[in-house]
Each structure stands twice: as C-alpha cells, then as structure tokens.
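Structures follow.
Paired with chain B in one complex and with chain C in the other, chain A is shared by the two complexes that follow.
And then the complex of A and B:
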C-alpha cells in the first residue's frame, strides 16, 4: 500500500504538477490570449498560489458549508419565515439581487472558466478554475435561497430571461460582458481586483447586514456562505496585481489604465447597491456614504498606499468619486421612481421618517437637492397623479445608466452631459470617467446594445410599452411593476398580517 | 489603437447608426433646472420637422407633466444644440437648424427654475 502523501506533496502534485512541457507544439499556440494585451510575463513560476487548496480539500470544505446552508433554507421554508421580513418593500431589493446580481455570478463562472484555460501559468489556471466553481455554486445557492419568495411575492418568476432583456439590467449585464470580452489579464484586474477585492465587500457585508436587520435569514445565510469564498477570491485579486506589477515595469501603465477603468465602471454599477442600502431597506443599517467610507475609502485607501511602491496611484477621478458618495443613491432611486412603470419591482416615496433619516445622514446634500424631488412627488401623488415619467431616457453609451448623474465639481443640480465623436457619429456619456473609457476603445463601445435605442429600432417587440413589458420582458404587467402602494404584494401582505 | 482585440483590425458594428431608425434621427432633449425628469429624453424625429412642430408636439409629450410647463413663455426660452446657442425660427426645419443624428437639445426657461425654484 502506498504511503499517504503529506500535505505539501499533495499540494504540489495536485496543482503545479498538473502542467507539462510542450515538446512538439508551440506554447504560444496553446495559450493564444496571453500576449495581445501587451502584458509581459517573464516567469510564471513566481506566481504565488492564492488559495493553497487542493481539489479534494476544496470539495470537502464546500460540501460541509453546503449541508449547513440547505438545512437553514429548509428550516426557513418550513417555518414560513417569509412572514418575518420587516416589510414587503424589502423584497424588492431581493428582486433586483436575483435579476441583477445572480446572473453576474453566472457570468463570473463563465469568465473564470475561460481564463482558467487561457493563462500559461498553471498556478493561475488552477486558481481561476476553483473560483469558477465557486461562482457556479453561488448562482445555485442564490436561486435556491430566493426561490422561496417566488411562492409569495411578484417579480421573481423570470429572472434570467429578464437579465438578458430588461433595460436597467443591461447595466450589470454589459459590465460583465465588457470584462469577459477583454483579454484574460484585464478580466482578472476588472473582476478579481477592482470588483472583488475592493467593491463587492459593499454588497456582501453592509447589504447582508441589512438583510439580517430586515429579517431575511435566507439571504443572510447565502451571503455569509458566499463571503467566505469572496475572501479567497480577494486574495486572487491581490495576487494578480502584485504578480503583474512585479513581472515587468512595462505592465505598470497598462494595469493603471485598467484600474482607472474598472473602478469607474464599478462606481456606476454600485449606484444600484447604494440605492438598495439607502432606500430599499426598511430597517436601516448604515447609509451608503458611511459604508463607502469604511469599505472603500479606508480599506481601499490603505491598499493603494501599499501599491504606491510599484508606481500605482489611486484610481483616476477619485475626487469625483469622493463627492458622489453623497449623491449617487438618491439619483439612482429617483431614476427608478421616474420609470417605476417599466421596472420589474416596486418603487415608492420614502416615508416621512425615512426622509428625515436621509436628511440626517446627508446633511450637505439631501435637503438641498433631493428632498424637493420627493416633496413634489408627494404633491403629485396626493393629487392622484403619481409621477411616472413619459417617454424614454437618454442613456450613457458606456455604463448604460440613464443620464441622471450630475456635475460633482461645481453644480450637483445640473445633469452632467459629455459627448465624443468617432468616425462621424456622436456618442453621449454621463461623465468624464465613462468618456475616457469610450475614447480608449471606441470600436468596442460603438456596439453597445442600448435598450432605449433598441426599443426605438423596433427590436423589442410591442407597439406600446405595455406589450413590450409583457411579451418581450415577460413581466406580469400591473403586478410586478408600478408603485408599492396599491400593489398585489402590499395587498396580500396586509391580508396575511390581518391588517386589511 | 481603437480597440485592444486579439483579432487584427477588429471593427465593431455601429449599432445605432441613423439608417437603423427608419428615416428618423434621434434627438435627446433635456430641460435644465427641472430634475423632476431624472434625465434628458430620447425622441426619434424626422429632420423635416419644423421647430414650431417640435415645440407644439414633442415638448409637451416629454415635459408637460411638470407644473412649470404650462407657464413657459416661449419667447424667452434659451436653446442650446450640441453645446452651442441655438437661435431658431418657427418655420425652420430641424435639418436647417443643424440637428443631426443623436443631437442633444437643452433648454432653459428663465424665471421658471423648477418646483418652488429648487431646480426640480
């Protein structure tokens, strides 16, 4: 009988030893994606494996987590724990999560599976393959956690179809498609470093605390189960950055450009999380601004201090980003309030207590710029004319968010309009950050599938909005969309609680 | 390099070229200091449309929901097309006024600065 391997040997055999020398094929032909981005790798053996896990240990560890997770889901369902959520308004954040975030986990799975084939270094390949499996597991656990709510609330029925078609879901969808259609090194800087290492903490820590505060133990449980994987993923994000910067000095400006691009894109994507924190959690945990200061400014600030020795500076437009933390959640929720008739979840006017909480948390901006919007909305609703904006918004060519962001430098009451011409065609962007991204790769972004333009080209079916929502988006019109007030979700909840 | 692609000389498909909009051009219209509307709006318009028609038909469609709209004095409105001041006569067409595909028209209504003067 063979002697049992010690851990170190097992690790070596099950990771680094899985590679082989190419004796009759050209190595460049085997890894064709490795050079076109301009990144120079001189020695893959310098890669330090971030996970330090062998596949057998990984299976065992994940299986144990899975067993606990599904036991909690079962208990949740058997105890009718959907009745323990703070308020049915809360579930609308979970509808966004299922349609906007869960499909990104799937895109991450696909992206890491792809780069897990394309890197020439075995250590990087193994790490990406493991992360790919993690991401697939996150998709499954999220679907299972949220499927229980589909029995009781509207808007959960067709999330993956909606992700591919619904106008606001093109924001997260196009974010990941941009990363996945880049080369393998940009993909890792975008997703593992910018997104996982710095930005997803804001989704998986404060938002999950919000789920706990609002009685949603299903979401908290998958959130914390996923977070232990996220911690591993962050070490991959840091390793790729250090590895690229140590391999060759020519990599530094390329990496810096990717950091600038993906941090900016990340702030745009996280506007949705910002509004979930400030507006969609009936029981508040902390404001978006507070979360941003803890998880981005403090944690990210320390990180960029560390990276300064490689010649890396903080992301471009950091001064704009710093100001936006006091505005972005209000602007995002206002966009959805404007187009609540075309959203797959409910929107509402904050209660008076919530408006006061926002004034207290945002003393420099809320009363001046945002409270008047809600006062006018209240007045219109009281007159029986709940405001749904007519027509279709102008979208940013890069982030695809309706152009509702404003000038941070001198006039936060003025929409920020930017544009660029490329080969005789005009393109519009919401910010200098998005404009820079466009100008660096116009041939990529001229292809953007902008939902508003697609509707106007007649590519989304329907001769009117209702037909499009029903047939092309597959929403249950009148149930999934419109205001929370008067919705079937609200009516059912009141009946269950004996309040109607 | 207009794109960093593995395919040499990769060219993207221009997905929103004018030819795809059935003879119309796209015009984005935004009303400054009226953030009841979260953003400018997108309209497909024939470039033979006159400025008078734009004011009479398109702008109410987009902006009449605001309580200020009914009080606009059209003689004092300040227009800006693609970043430049626009002086327009009612009988001029959009083409004559220099509107082209994906133009941005902004307008300001002095004295009407949003709900209770708040820019909303």
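And then the complex of A and C:
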C-alpha cells in the first residue's frame, strides 16, 4: 500500500504537477491580462498558499460547514426565532445587508472566477477558483437566511433589483465594479487584501458578534461561516501582496498606489457598517471606534509594520482615517435619517439611553457635534414635524457617498468639498483621498453612474419621488421606507408581542 | 512588537482548541465576546495537533480548524502537525 501523502506533498501535486507548459501556443495569448498593469512576475513557482488546501479537503470541510449552518437555519425557523430578536429596529441592518452586501458576494464570485483564469501560476489560479466557489456559497447562504425574515418584515423583496438601482446602493456596487473593471492584480489587492484582510473583519466579526447578542442566530451563523472562508481569503490577500513585492522591485510603487486607493475607498464604504454598529444594533457590543481600533489600527498596524521591509508604508491619509472613526457613524446615520423617505429601510431617532451610550463612547465628539441634532430632531418629532430633506444631495464622483463627511483635519463641523476639472468639465469629490483617485484615472471615473445625476436627467422614471420609488426602485412606498415609528413593521411587532 | 490573533466560534469544539492554545502559548490573552472567542498574543500563536488531541481524547486533523475558525491576523503556516500565526521572521 502506498504511503499516505502529507499536506505539503498533496498541495504540491495539485498546484505544480497538474500544470502544463505551452508548446504550440504563445503563453501570453493564454494569459492576456497578466502584463496589462505593468506588474512583473519572474517566477510563479514561488507562489505558496500557506493553508495548502486541496480539493478533497476543500469539499470535505465546506460540506461539514454547510451541514452545521443549515441545521441552525432550520432550528431558527422552527423556533419562530424571528420573534425573539431584541427589537424590530435591528432588522433594518439586515435589510441593508441583503441589499448592500449580499450582491457584493455575487460580484466577488464573478470577479474571482475571472481572475482565477488569468494568472499564469497554477497556485494562484486554484486559490482564486476555490474562493470563487466560496463567494457563491456566501450569496446562497445569506439569501437563504434572510428569506425567512421576508415572510414577516417589509423591505426584503426585490433586493437584487434594488441593488442595481437604488441611490445609496450605488456606493457598494461601484466599489466592486471599479475593482472588477481593473486588471487582475489590482482586483486582488482591492478585494483580497484591502477589503478582506482588513476591512471585512469589521463587518463579519464585531457586527456578527452583535447579531448573536440581538438574538439573530441565523445571521451570526452565516456571518461566521462566511468569515471562516474569509480567513483563507485573507491569507490569499497577504500572499499575493508578499508575492508581488518579492517578484520585482518595480512592483512596489504600483502596489502602494493600489493600497492607497483601495484603503481609502474601503473606509468610505464602511461608513454604512459603522452606523449599523453604533445605531442599528439595539444590544450593543462595542462602538465603531472600538472595533476600528482593534481590527483596523491594531491588526492593520501589525500588517503594515510587517510589510515595511518591502518598502510599503501605511495607506495614504491614515491620519485622516484615524480621526474619522469618531465621526463617520454619526454622519452616515444622519444622512439616512434625513433621506429616510427614500431609503429601503426604516430610520429612527436613538432612544435617550442610546444617546447616553453614544456620549459615553464618543466623549470628544458626540455631545459637541451630533447630540444637538438628535435633540432637535426629537423635539420636532414630538411636535409632529418629523423632518425629511426634500432636495437631492451632491454625490462624490468616486465613492458616490452623498457629501456629508466633514473636514477632519481642522474643522469637523464643516462639510468637505473638493473638485477637479477634466476635459473642460468640473467633477466633485468628498475628500482629498477621493480626489487623488479621480486624478489618477479620470477617464474611468467620469463614466460613473451617479444616481442623483440620473434622476435629474430623467433616467429613473417618474414625475415625482413617490413614482420613482415605486416604479423604478420597486419599493413598497409607505411600508419599506419612512420612520420606524408608525411603520407596519412596528405595528405588526407590537401585535405579535401582545403589546398593541 | 505586533500581536497575532485567532478568533473561533464559541462552541463546544473550540473549548478544546482554546485549552490547547493556552497550554502551548504562554501569555496568550483569551477574550470572550458574544458567540466568539478571540485569542491574541505577541508575535506568534500555535495550535498543535498533539495538544488538541490530548484535550479532546481523539484524533484531530489540523485542517478541521476551518470548521470553527472566524478570523485571524498574521502570517499563516499550516502543516500536518500544527497551524501557526506569526509576525516574527
């Protein structure tokens, strides 16, 4: 009987011996995008996947994870556990997740299937292909978990249609479309490294831990199950960075530019997670600032200290990013409160206890900049004058977030505006970080599909807001949107709980 | 000095892995948060097959760690005997 192969041998057989040389075709024709970005690869055999996962092990462990996960989904549904969440306000974070994040998993699936074909090295190709299948699994488990809530709460219908059209969902959508329309190495630096190694931790770890604390075992379980794949994906991200930096010194400035770009874009995207943590979890685990310090500053700090030996420095504007952790959740939730009539979920004024918690967690900023707004909103709501903004916000040409972020360097009370000209037209950005990104690739970002511009050009149908929300976005107007207070979701919840 | 970290789902299987990590990694900090356990340590952290098996009283494959893993930080190295994270070179 043949001796049992060890892990390293099995991995070597899969990732080296199954590859082939091109004898009658030009290798560059087989991998047409490999040199497209100016990245120089001298020896693909130096690629190593530290997890050394092979196909037999992959199917075995993924199948076991699925069995555990679906057992919990079944238990959750059988136990009527949608009635045991902490507070129906919580479900609005899950609506954001379904419309804003789940479609990104699908984009990741497509993106990794594409780049998994484009690399000349078989180790990288296999790692990307396994990741592609993982991402498809995440889409499926997330849709399945949240389909249960669709039976009981508003706002879960037609999420993929909404992802393609609704104004604020252009933020996550454009992030992935920017990455997927880049070359294969930039895609990996954007998604595997910047997004997954550092940024998804903030969504899938502290937020999911919070979901558990709010009684949502279906969500925490798909979140942790997805993140267990992310651990492998992050390892791919770190491996690709080290590989690129070790292959050729000319790769260093290219990789640094991508790190600067994608960390900035990532921090903008995460503003929505910040408000999910600080405002949408009724039972709170930690503040956004605390999570940021653990998973961005500490974890990312260790990472960049390690990469310094290659000549890589921390992402550009790290000092601005450090200041924003005290502001971004408040600014994002305020934007949604103002536009709560055009959102696909409910918004609300934090309770007095929640305002006190925010004051305690953000002692230097909350009372000074944000509490007065909520006190005013509270007073207006008490007088029956709940406030909604009637105008359309200016959007940033790059991150597509409405201009609501402020000047962190010297005046956090002042909205930050930047602009740049390209071929005689003026374009607007929210920050120096987004302006730099625009100036580096103006020909790409002038093509951005900006929802506000499209609405004003008449491309989103409807003669008024209600028609547009109903016919173009396909929202159930009056049920999916407006304040949590007085919503059908709230009324049903109180009836179920015997309180109405 | 930089910390590496490993987070596992807080379940019955992880209990044995955490005990093995504590036995093999002096000074490791174990933090319990809702539904998860986070372990962190300066420079390196190792999960050893033999120690987990001794805790568990049955055979255990290092790759089974994937079933309970949530996230990690550090350079990964895995073989048949151990899974390790490190920032030291």
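The rule is simple: the second predicted complex is superposed on the first by the 485 of 500 C-alpha atoms of A that agree within 3 Å, B and C clash if a C-alpha of one lies under 4 Å from a C-alpha of the other, contacts with A are read in each partner's own complex, and residues count from 1 in each chain.
Just so it is clear, contacts are C-beta pairs under 8 Å (C-beta built on N, C-alpha and C of every residue); 3 or more make two chains touch, one makes a residue touch a chain.
Computed from a prediction, not measured in an experiment: that's the story for all the values here.
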Exercise. After the match on chain A, would you call chain B and chain C a fit or a clash?
Worked result: fit
Exercise. Under the superposition described above, what is the C-alpha centre angle at chain A formed with chain B and chain C, rounded in steps of 10 degrees?
Worked result: 150
Exercise. Is A:234 contacted by the first partner chain B, the second partner chain C, both or neither?
Worked result: second
For this session: Pick one for A:313: touches chain B only (first), chain C only (second), both, or neither.
Result: neither
For this session: Pick one for A:64: touches chain B only (first), chain C only (second), both, or neither.
Result: second
Exercise. When the two structures are overlaid on chain A, which partner does A:495 contact: first (chain B), second (chain C), both, or neither?
Worked result: neither
Exercise. A:389 contacts which: chain B (first), chain C (second), both, neither?
Worked result: first
Exercise. With the two structures laid over each other on chain A, which partner does A:248 touch: chain B (first), chain C (second), both, or neither?
Worked result: neither
Exercise. Which holds for A:12: it touches chain B only (first), chain C only (second), both, or neither?
Worked result: neither
Exercise. Looking at the superposed set of three chains, what is the minimum CA distance between chain B and chain C in Å?
Worked result: 31
Seminar exercise, completed: chain B and chain C footprints on chain A meet at residues none
Exercise. So in the complex, which bits of chain C are touching chain A?
Worked result: 2-5, 7, 9, 33-36, 62-64, 66-80, 87
Problem set entry | Residue ranges of chain B touching chain A (in the complex, touch as defined) | 2-6, 10-17, 20-22, 26, 28, 30, 32-33, 35-44, 61-62, 65, 82, 100-104, 106, 114-116, 118-120
Problem set entry | Interfacial residue positions of chain A with respect to chain B in the complex | 32-33, 36-38, 182-183, 186, 331, 334-335, 337-339, 369, 372-373, 375-376, 385, 387, 389-395, 402-404, 413-415, 417, 419, 422-423, 425-428, 441-450, 452-453, 456-458
Problem set entry | Interfacial residue positions of chain A with respect to chain C in the complex | 6-8, 50-53, 57, 61, 64-65, 68, 201, 204-206, 208-210, 212-213, 220, 224, 227-228, 230-232, 234-235, 238, 285, 298-299, 301-303, 305-306
